[in-house]
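There are two complexes below, and they share chain A, which is joined by chain B in the first and by chain C in the second.
Here is the complex of A and B:
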């Protein structure tokens, strides 16, 4: 660790991993509720489990992004963080807000939570992924502002690199688009329209900048390739991400009551959305091939390559599968969407956060550059278990989705939703088994932090 | 001695035949992603024209991409036609198998092409696993 203030990243990473565990546990509960409808009912109803599953994902990724930022910005800017105390304070505020919100979801009915938190004064609750009480949303804005101030001041006083600036641009975008979660018009079309400005423009817009910046930072460190080369790739990737992703929002507007031209705009631009992910894969493999050193943290390199591949598959290929309007007419809201969502979130954002954690944690825990070989081997097992099981989760959900679309919508004698759900139950069972394997991978991942700590760390080798 | 296999050129240096190697990998991807058939014909022309005169790096990529393209054609076309013929057009399970097979197979072939392209850009030879020719 080059700068003392980078240490503030550690609690963010720890909180991220704890919430990751919560997300997966609730995912397993949800998966089981698909096939055993009254499992844990009425203690944890399906809608509550789903809220915790998706909200925990978003919050732990935000913790991960913040930790990544606090780790890499001082190193890139070649200066200490502007206000480490502010970063630590915001960590506890954010954690308290996240914990209280999840407790609220679990302990009282959602309507009661809305009442307790006085949602009627400024109603923002009730929308998918943005279910948080208004007071929590205000807390998120305060944390985000303090975070941006801290990071912005650090960048201003230090060296300005492309990685830092792209990251900052992504983070500012993240904060700005979150503000649309406070805009809840009465008109349902407008409500959906602007809701996507948060959801889509996060994951298929500004988050891609954050992903690109973190990936570029790790690749600079582990490959030793010239910064200028990596920066040029980064420019192209983020330009493609924004050009395709912003108007690509249109693929969410097909069936919500917007004008017909969105069928064309959405189809054309979102069909191009795999391009930045394609470029990212070429970029990552090219940099690894041109590496000037073999970094001892091999598992971080593995996560970085895995991110590029899985993001391309999940966000690119599985997104393209159902993004064209005539296809989406049949597949909209089926398990194909769930298949895409799972692999895209895992490939693009879960893996990039695990990449930076894998790269940064050894130094944050006092090592020079890497964990011991034993620890790294265990982490590699966790990489493969989680990644392969996610591939299977995606394939099972895709199978379920294709059948669902056919039986429910394409067939000359369409069947009802619940009848079709019965017919695809086998896929849900297989998805659940794959989910258990994913959990085993996650357990190994956590164990890798505690095993091999007394062994010497892996050593740096010259490039072969 | 000509450069081959896993030697990477130094930064800024271009290995002999690197342009041709990149073109071969790009055409392989064009065939899969943009212009099926057309990409293959151009790749075939490039292969026939340069095989005997090109540097080893280019020959490696030309051979690999041609072999992989032929396998890709077989895997994507023949196998899909077989599945459709055996399962019939009106079974939902046929479509489920076809869509999953096509997507996974096609995505895998594209990923192999991406790896090949990255290797070509780094001035290294690359053997496509399973669908490539022995180096």
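Here is the complex of A and C:
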């Protein structure tokens, strides 16, 4: 840690990990409800557990992005953070808002939560991933503005690196596109159309800038490769991401009442969306092969490589699988979508946050560069358990999805939704088992923070 | 990537490409907005339909169901439930009303929401309106 104010990142990372645990526990509840339909019914209905699962994910990724920003922006800008107190204050406000919202989901029926928070005055609730009460959404905007102000002022007074500019651009985009969550017209088609301006332009747009910037930062640090080279790659990757991803939004406009020309625009551009992820894989491996030093934090390097590979598989390959409109006609809204969603979020965004945590946390906890070997080995075990089990979760959901699409939509005698669900239950059971393995990986991950702390730090090897 | 391809060229491709394709996206959005009245069944959006949509949202129906293929995959598609139930609002209302309070042992069940008759009617009207949106022939068959 080169600057004192980088320390504000630590509580953000801790909160991220705690919410990650909540997300996985509720994921296991959901997985079980798929096969034991009355599990926890009516106390925690599926939709409530799902809100906790998805909202916890989004919020912990945001905590992770903010923590990453507070950690790397001062170091890149070579100056202290503009207002560390503001970052600490916003942390507590964001945590309180997130905690209160989750408590609201779990303690009262959703309709009651809507009533308490006066949703009828300015209705924004009840849309997938944007279920938060309007007051929470306003809170998110306030936190985002304070955050952007703080980070923007820091960048302005310091060295302006490409990593910082790209990160800031991504974060501004994140805040700007979130504003569309306040637009909820009565017209369902318009509602859905602009809902994607938040959801798609986040995960297949501006979030990729954030991902690219964090990955570039970590690669500069662990490989020692010339910044000029890495920054050029970063520009090419994010250029491809936005050139394909913006019009690629069209792959959501096939069947929601929008004009049919979107089937062409969406298919062509989104078919190219794997390219930036492929470039990212090539980039990461290239930089590591050309490294000028061996960094003692081996596990952070492992996470960085893992991100590059899994983001390409999850977002790139699994996205491409069902993005062409003639295929999507049969797979739209099936378990294929769920399979893609799981591996893409894990591979791209979960793993990049775990990458920066892995890189930053040792220094935030007073080490010079890395944890002890014992701790790193345990963290590597957690990497493999979580990553491999996520691959299996994805494969099982894909199996379920292919069967579902066939039995319900392709076969000559299409069967009803619930009949098909029972026929594919075996795949849901296997997915749940893989989910338990994921949880074991997560437990090891958390243990790695508490084990080997008294042992000496892993040593810096001489240049290889 | 070395030699003649410089960082500033990469930067220009990023800014130029992003701005160009975002403007193209805006142009397509503008065109879509003009084309929508022919497709989105907006003539059917009465105050009752709007109320039905609010009830749909305030009970987080999307947390289990899909609507035009978007949402959760735990319960059936509802964009075409009106046609699946034989173009009958009564059948939809009857189904929602008859959900057991304690669920069905071992099986998935929709919660009992205790809606008033007025709310049930609004929900059914909303689902009828949704079923009449021009969705380019999706879903492939009545099973959704």
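To be clear about the criterion, the second predicted complex is superposed on the first by the 464 of 464 C-alpha atoms of A that agree within 3 Å, B and C clash if a C-alpha of one lies under 4 Å from a C-alpha of the other, contacts with A are read in each partner's own complex, and residues count from 1 in each chain.
The definition used in the following text is that a contact is a pair of C-beta atoms (placed from the backbone, for glycine too) under 8 Å apart; a residue touches a chain by one contact, two chains touch by 3 or more.
This is a predicted model, so every value here is computed, not measured.
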item: Which of chain B and chain C A:309 touches, first, second, both or neither; value: first
item: Larger contact residue set on chain A - chain B or chain C; value: C
item: Touched partner set for A:192, first chain B, second chain C, both or neither; value: second
item: Touched partner set for A:142, first chain B, second chain C, both or neither; value: neither
item: Touching partner for A:402 - first (chain B), second (chain C), both, neither; value: first
item: Touching partner for A:18 - first (chain B), second (chain C), both, neither; value: neither
item: Overlapping contact positions on chain A, where the chain C interface meets the chain B interface; value: 229, 410
item: Touching residues (chain side chain C, partner chain A) in the complex; value: 1, 5-7, 10-11, 13-14, 17-18, 21-22, 24-25, 28-29, 31-32, 35-36, 39-42, 45, 49-50, 53-54, 56-64, 66-77, 101-109, 111-113, 129-130, 133-144
item: Touching residues on chain A, where the partner in the complex is chain C; value: 33-34, 36-38, 41-42, 45-48, 50-51, 110-111, 114-115, 119-120, 123, 125-128, 131, 162, 184, 186-190, 192-193, 228-229, 231-233, 235-236, 238-239, 242-243, 246-247, 249-250, 252-260, 262-263, 265, 329-330, 332-335, 337-338, 408-410, 414-418, 421
item: Chain A contact footprint on chain B (complex, rising order); value: 8, 11, 92-93, 95-96, 99-100, 103-104, 106-107, 110-111, 114-115, 117-119, 121-122, 124
item: Complex interface listing, chain A residues touching chain B; value: 225-226, 229, 278, 281-282, 285-286, 288-290, 292, 309, 312-313, 317-318, 321, 395, 398-399, 402-403, 406-407, 410-411
